[in-house]
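To start, the structure itself, in structure tokens.
Here the chain labels run A, B, C and D in written order, and each chain numbers its own residues starting at 1.
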Amino acid sequence: MVRVGVVTFPGSLDDRDALRAVRIVGAEPVALWHGDAELHDVDAIVLPGGFSYGDYLRCGAIARFSPVMGEVIAAAKSGMPVLGICNGFQILCESHLLPGALTRNGGLRFTCVDQGLRILDTSTAWTSAYSTNQEVVIPVKNGEGQYVGDAQRLYADGHVVASYLGRNPNGSVGDIAGIRNAKGNVVGLMPHPEHAVDALTGPSTDGLGFFTSVLSSLVGA
Amino acid sequence: MSGKRVVVDVMLKPEIADPQGQAVADALPRLGFSGITGVRQGKRFEIVLDGPVDDAVLDMVRKAAETLLANPVIEDFTVRLEED
Amino acid sequence: MSLDTVDHARATPDDEQPFAELGLKDDEYASIRGILGRRPTQTELAMYSIMWSEHCSYKSSKVHLRQFGEKAPPQAADVLLVGMGENAGVVDVGDGYAVTFKVESHNHPSFVEPYQGAATGIGGIVRDILTMGARPVAVMDPLRFGAADAPDTKRVLPGVIAGIGGYGNCLGLPNIGGEVVFDPSYNGNPLINALCVGVMPRERIQLARATGEGNVVVLLGARTGRDGIGGVSVLASATFEEGDESRRPSVQVGDPFTEKVLIECCLELYDRSLVVGIQDLGGAGLTCATSETAAHAGSGMRVDIEKVPLREASMEPHEILASESQERMLAIVAPTDVDDVLAICERWGVLATAIGVVTSTGRLEARWHGEVVVDVPPASLADDGPVYERPMARPADLDALQSDPPSELRFTRPSSGDELRATVLQMAASPNLCSRAWVTQQYDRYVLGNTVLAMPHDAGVVRLDDSTYRGLAIATDGNGRYTRLDPYAGAQLAVCEAYRNVATTGARPVAVTDCLNFGSPEDPEVMWQFAEATRGLADACLELGVPVTGGNVSFYNQTGATAINPTPVVGVLGVIDDVRRRVPIGVPESGLGVYLLGTTRDEFGGSEWAHEVHGHLGGLPPQVDLAAEKRLGAILTSLAGDVILAAHDLSDGGLAQSLVESALHANSGISVHVEGDPFVELFAESAARAVVLASDEDALLNACAALGVPVRRLGVTGGDAVTVDGLFSIPLDELRAAHEGTLPQLFG
Amino acid sequence: MSGKRVVVDVMLKPEIADPQGQAVADALPRLGFSGITGVRQGKRFEIVLDGPVDDAVLDMVRKAAETLLANPVIEDFTVRLEED
């Protein structure tokens, strides 16, 4: 069975939700601990949402130095699929696995809304289940989700994975909601697909695709 | 007197808890930085003005610091002129 | 000054002590001397002054709150696992689950420093829930502010909302509901109440008991600083006059990250059965936690104060014992488990320090570097404080108020289609009825993945955990205007509305928590309001079969001699056996029948219409009919999810407002036909009513007939407007612009 | 050399948008403060060390600023010694 690890940092909040999403698509969820430099033979990794270390300094700045992150960075560089959601995206940027940075929302307020997104790149390990330009609705909830970086270049290189539709909730440059690395195994996403996996508790089930994608990319590999 | 700016430093009063500074103080030794006994984290505002910075202007900035930039219930501030 | 030890106090019986400055009355001081058989030490005096303050001792309210126990309904025996008097009551919700919930106020601190005051209000109520053994699973925030356009509201509201979000979001707790009410009565006295609910396996319930001689007293969490020293007595029990620097408390800054790891750490300690007893540190800090745990266990305790980890090294023993530093818990641990406890704390990065032991002396002793500075019977602090029967008087202006209803004679009522249409739009856009999205979008509603209904539904509904479909529902309500006009009825209407809101979502109401926000208990008219309101609350809970499990009293909400409108805020907890049957306020299906359940009367006293359109308060509040509420609740609960596809209770603003909210949520129109006086039909605030959308008319009508619930078909869903036949039609876009524009315009 | 502390100022790079500074710049004229052409908001860290502050210590703080206190992708920092 495909093993997908979800790292819990002190202050991680959506770790249980990510584990649940992994379980729902039929993969084996594996809880990873920030303090253990050990990946327990997982095939893919999710860095979940939350406020690691309270997000007091900068989001993700302290978590990036956790013992487990050395392993995550090495695995990412060797091609293992890694998805950073919200705080996880911030950690990936702080770790320089993804370019740019996430800063305070343009409106200066934490914002939780059901957000329309367009999936732009379906070539990654995490988005292959979508069709190009597919429109989905997934919750976004963050206080520091404004992506800053070289949007032109990211678009030119095809590295923008998803963009906001309609109102841009945080002022991200180029309406960027998610990006990937050159190889396509590392994806960072501000919206929370793990909160759109069950119509009972989310606005849609549109988030399932991120988890089914990784499953099929690993089974197919 | 252009090329100058006014800087307002805002720090939590010493008796007020500073979780942000504490988080940094806790993290630094883990990264191998030693000998640090305390960290306080505050805000720094750099204010650029369109005319010469005289005492009246500094007074105005002080007033602005008091009303908007700092929260006098929990924070102290200092105002000073700085070369660019 | 040299250390005031117990020996020194014995040797210097005549030393003068500043008891009056600490808020103790002459006779209270005398009785402390009587209890101890000597003068108290400086540290003891500080401890008594805090524990005997209004906030900690409930000295003015105790005699009234007793009714909640005395009039507890028979259902209490079946559902309550832990009753009143603990940190929070615990309710059996079936399948081996227990739920604990409580609402509390943080009014004064939030007025002084809105962000931190509101944030630490969330932090405090969450620890109350954690203490019971539960995982906190959701928060709610019933809020009341001065007039929407008052400068002080502009100062306070944005910070309060940001603080509640800042703390709750960072803890990973979904916010599933609350209230935002504006009324000039709260100018200078905003009511910032916070509710938390938690879930646990039944057998994990923890109690605040220091049992077992030789067990170790372990302090968990944040370092202790000079936070809110004397804050409990000075801040929470006395009116705070702006500009009075000498009484300005040191504001407490919340640290949600520390609280988050404290939660995870405590839950692991519970799951591994490593604590014998546990108590959160809230008001009165270590003083309260040590004395209550020892008193409730009938044991004793010895604490070495210098072991407490400090933020400021210069703190004195009385400051350490009085400090209200946030994010701390006190655990009682068997000596053989201490190493395991410390290891778990270290893994979570939680500071943990053994500071004392449980004894069998029946005394609470505290030493400062070996010298005894406290030696008192713990119950004298925790339980045996003063109790007052305060004088009461019916407000002198009440007859005049009650005999001034907003009748047809006093105010012209809208009657033409155009007038009614304009009134619907004005009401939908009014500060009290407009969309709360500007607020609720600042709160995470999704985290933990169990939220089934949140804003804008009638109650928040969460699944107990993701291995079950069993869920809980909570709503909070209160109406200061109704309660001002008739405190007995006003309190009952608050219970009724929360009860109805819970039932509307398909849950069965089972228990109550309340936060009683009033003016000064030293004012006989306020005390009368308080007595009437508690009596009304207790009587309503008895009749409705929902026991009060706990709550909080907040007095001294007043400016000068003017008290706020008396405002009991009531939270009702419901159980829903299968959350897949939950009922939203609207669904986007066309062709569903729209029905009105309940009886509409010409009731406008204290109504939103009188307030919004005429700035008027007078007359009597709507009639209370507890039996009708029960019947309505039974229909809503039993038909939820199959016959009833959507439902919305009728309250502030009446039928018109409910139809507007339902249609906007579903983004699908509604057409209705009203009988009788359309103004009364659309805007009256008669209680025990709801609008439901149903597909199976016969099933609905039969059920209503069987239970004797009046029901009338109003119309049908569909289209893209709210239409009242023959009178007016308002496109949804126009309604939405009115409804959603107000708060952003007011607060940016 | 006790009684001294090291101060690290961290500011967003000039080309990075600063919504907080902008909000302050927008609010000041509304409160009647005029002549302000721009505001940038950053962070100020006050670091207390347990020994004398020599060049080696300043170097260490500079390293800490680079790795942890500032994110060089978007922020600049300065390190300096300050009297208490």
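As a working rule, contacts are C-beta pairs under 8 Å (C-beta built on N, C-alpha and C of every residue); 3 or more make two chains touch, one makes a residue touch a chain.
What you see is a predicted model, and the numbers here were worked out from it, not measured in a lab.
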Comparison of A-D and A-C (more C-beta pairs in contact): A-C
Inter-centroid spacing, chain B versus chain A (mean Cα positions, whole Å): 34
Chain centre separation (chain B, chain D; CA means) in Å: 8
Let me have the rounded angstrom distance from the C-alpha centre of chain A over to the C-alpha centre of chain D, please. 30
Which chain B residues touch at least two other chains? 19, 23-24, 27, 31, 41
Two or more other chains touching the same residue: where does that happen in chain A? 53-54, 56-57, 62, 65
Where does chain C touch two or more other chains at once, residue-wise? 255, 257-258, 349
So the complete set of touching chain pairs is A-B, A-C, A-D, B-C, B-D
Chain D - residues contacting chain A, complex: 12, 16-17, 19-20, 23, 68-69, 71, 73-74
Chain A residues touching chain C in their complex are 10-11, 13-14, 16-17, 20, 35, 49-51, 53-56, 109-113, 139, 141, 143, 192, 194-195, 198, 200-202
The chain A residues in contact with chain B across the complex are 53-54, 56-57, 62, 65
For the complex, give me every residue of chain B touching chain D. 9-11, 21, 24, 27-28, 31, 33, 35-51, 57, 60, 63-64, 67-69
Under the touch definition given earlier, write down the residues of chain C that touch chain A in their complex. 162, 165-166, 169-172, 255-258, 260-261, 347-349, 440-452, 463, 466, 579-580
